[in-house]
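Please read the structure below before turning to the comments.
Chains: A, B, C and D, in written order; residue numbering restarts at 1 for each.
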Amino acid sequence: MQQDFEQALQTAFREYAAFYKSRGFMRRLGYGSRPAIVNVDLAKAWTTKGSAFACDGMEVIIPATQKLIAAGRALGIPIVYTTCAYDIVEGPFADTGLWGKKIPLEHLKAGSPLCEIDERLERREDELLIVKKRASAFQGTDLAGYLTSLGVDTVILTGVTLSSCVRLSCEDGLWAGFRPIVVRECVGDRIAGAVEWNLFDIDAKFGDVEPLDGVLAYLGGLQAGAR
Amino acid sequence: MQQDFEQALQTAFREYAAFYKSRGFMRRLGYGSRPAIVNVDLAKAWTTKGSAFACDGMEVIIPATQKLIAAGRALGIPIVYTTCAYDIVEGPFADTGLWGKKIPLEHLKAGSPLCEIDERLERREDELLIVKKRASAFQGTDLAGYLTSLGVDTVILTGVTLSSCVRLSCEDGLWAGFRPIVVRECVGDRIAGAVEWNLFDIDAKFGDVEPLDGVLAYLGGLQAGAR
Amino acid sequence: MQQDFEQALQTAFREYAAFYKSRGFMRRLGYGSRPAIVNVDLAKAWTTKGSAFACDGMEVIIPATQKLIAAGRALGIPIVYTTCAYDIVEGPFADTGLWGKKIPLEHLKAGSPLCEIDERLERREDELLIVKKRASAFQGTDLAGYLTSLGVDTVILTGVTLSSCVRLSCEDGLWAGFRPIVVRECVGDRIAGAVEWNLFDIDAKFGDVEPLDGVLAYLGGLQAGAR
Amino acid sequence: MQQDFEQALQTAFREYAAFYKSRGFMRRLGYGSRPAIVNVDLAKAWTTKGSAFACDGMEVIIPATQKLIAAGRALGIPIVYTTCAYDIVEGPFADTGLWGKKIPLEHLKAGSPLCEIDERLERREDELLIVKKRASAFQGTDLAGYLTSLGVDTVILTGVTLSSCVRLSCEDGLWAGFRPIVVRECVGDRIAGAVEWNLFDIDAKFGDVEPLDGVLAYLGGLQAGAR
């Protein structure tokens, strides 16, 4: 993103934010006391250069998410990962469905390495992997019921893309009754603008966008095993 | 089921049916024009003797379902199979969840042969397999959206158990906007009574229970490839 | 229900229960620590004699539910009521939908007194009323998200009919991550058998059926306002 | 929105669109053959100046939507309206829930004129009004099942806000199996940028953004009553 455009966006966001606040929007949800971490689509299709789904910024996103996950593991909170995979990618009965007519889901055939979680996150066996066919981590999956049964009240979100799977996971997490926290350094997209304006929309209406330091401080203040 | 008990149930059902009809229940939904077949949990955990989930009547259910599937393939309609499988079956983060505290889901570990569709149905690669964690084929899955995108208006149901996964798939199929047809010879359960009273409840309120011959005649009347 | 039939059912249930337990079913979910009460369809269509939807046993169900609600109010836990109502009951665009082709939903026109909660329960303004179009309290409504956002982990169910709206609310409550408790004296149906066999199916696989005394003792052991 | 910013955005969108197309995104879903019109939140809270929820552009949106609805009525296709309303807007049991902690839902008390559909649309009695508590027309409602039961395959969307309720209705409509068409002249928001970047995100990944003329031409090509 060129610097001029970036500045123009930031100017617009400042003006819009003032307007939204005057209307009573952009309030803080705040943190609850029983968080979970949900890492959205940090699989190779999105984290690897050259893929149709490849996103920018992995040099920041991956280390930031590693720190977050380490903090979560130290606390013993639920940590979940999502990926997308499709069993039938061609023919009349493809489960890529209508979405596959809009974006190139044919690359995400189940079994492809592209659908695997990025090894740098070192997912553990007792950290749930959700294989989904829609954008949201909560749709067409049992994630909401799973987190509710674990007593979770706060969903800390990382991953890509912000304009699609992360944004929808934030929104659906909110309707599902959880406080969604989107970690600024842990999310990204394919185009720079999409990061900026989706963070703006999210923070205005659907979840709290917070810096990694703040989220780590919050987690550090919770007692391990207190759940 | 002892003969006396069976007769007592049938007597009761006749009386109840007359009562329901006088109240305006037990109407016929009827068939639509664009059917799909959904085979619920005809996987080895349910079709094989000795498993905790084993059901009775496979000597009737499997051949009847084979006939139904053959008719569906001849027409080129969507054919779907479901199974249950869980990735984490022990520890605090098990995805068997609360249901696993009620029934022995720990046997259904993903990767176990028990979770595989019975080979006698000879599932084809372009026939969607839905791996679910709840009872209903429609919950925590994208089945409703898949069938809607294919223009389906009628869901023909087979499988087990009638008192759990088939009944709930029928009910959820109805809310999802499809006409559910439960094929009498293609469904079963672990206890004889559960077949009888769940068929009664379904036919009274949630879907049409029809004999295999009737369903085959309906399918025979549709034009192959007309969809 | 004639006494002979009732005895035959009870004999069958005893045998079936032994079988289920030997297979690892019929476990206890147990209570959580943050309950809510959900009163399903205790509206006049179901509680008033002469309606097409009228259920038996209100002389037991209403007083028992009154006691339960009083205990819940003393604790300050969430109390929810559901009813069914439809805005368009005839013509091609009726929102009674396919279900209305199976059962007589045309009686449940929005605005009809039949859709109002029975006055004997004295619903208060801050006790949520959910107007639904499907059987389950959780489908096509925001009940799961509402209860999750309130930190609820246990759903105590009352109401009618057991074979339809209560059973499905129990099942969907389980998938939504709550421990469903069905209160024996607070539920009913239109036909006696449907009470018996649906209680059996529920207790075997989807929720704990508990006597009112037990539920009141559980609530009595919780601290008011502890939530 | 200042002209410079508008131009900077358009330049960015052109560049981004070229990039997306090179990756295989931004395909056309196209129209199906059985459309419905879903008018999202064209209620007074959003269409009336001075409300906290008021949106810009009603001088274009309302007449354009009137034309669309007239075309839909001439064809006899399903026409649906949504609004938001909450029964309990204060206290611990408010059904404004967590979303009400983020945005000023306390203004949308059920019964308020703000929750009523704008009279200029002259909603008819057999045109379904869906009262929802979440952003999406499809969540916590029975809209997907309703439209599926009517055989709908295409959902034409109008209304506000584009960044919230319209975008989510488009996305959820897609997962529900419908082809979402967002009508350019019939949608708006509170801030100009939100219109532009959400239209971009939608057209890139979730639905087809089409001009009113094109949609009217499509509807004009369908045969009245053909459904």
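The rule is short, and it goes like this: a contact is a pair of C-beta atoms (placed from the backbone, for glycine too) under 8 Å apart; a residue touches a chain by one contact, two chains touch by 3 or more.
What you see is a predicted model; the values in this text were computed from it and never measured.
Steps from chain A to chain C, minimised over paths through touching chains, total 1. Over half of the residue numbers found at the chain C and chain D interface occur in both copies, marking it as a same-residue contact. Comparing chain pairs A-D and B-D, the larger number of C-beta contacts belongs to A-D.
Chain B and chain D have CA centres that are 36 Å apart. Chain A and chain D have CA centres that are 24 Å apart. Across the assembly, chain B contributes residues 97-98, 134, 139-140, 142, 145-146, 149-150, 175, 177-178 that each touch 2 or more other chains. Those residues of chain C whose C-beta lies close enough to touch chain A in the complex are 142, 144-151, 153, 175-178. Put simply, chain B touches chain C in their complex at residues 1, 4-5, 8, 11-12, 16, 19-20, 23-30, 52-53, 97-99, 101-104, 134-136, 139-140, 163-164, 168, 171-172, 174-175, 177-179, 190-191, 193-194, 197-198, 201, 204-207.
Contact residues of chain A toward chain B in the complex are 78, 87-88, 91-93, 95, 97-98, 125-129, 133-134, 139-142, 145-146, 149-150.
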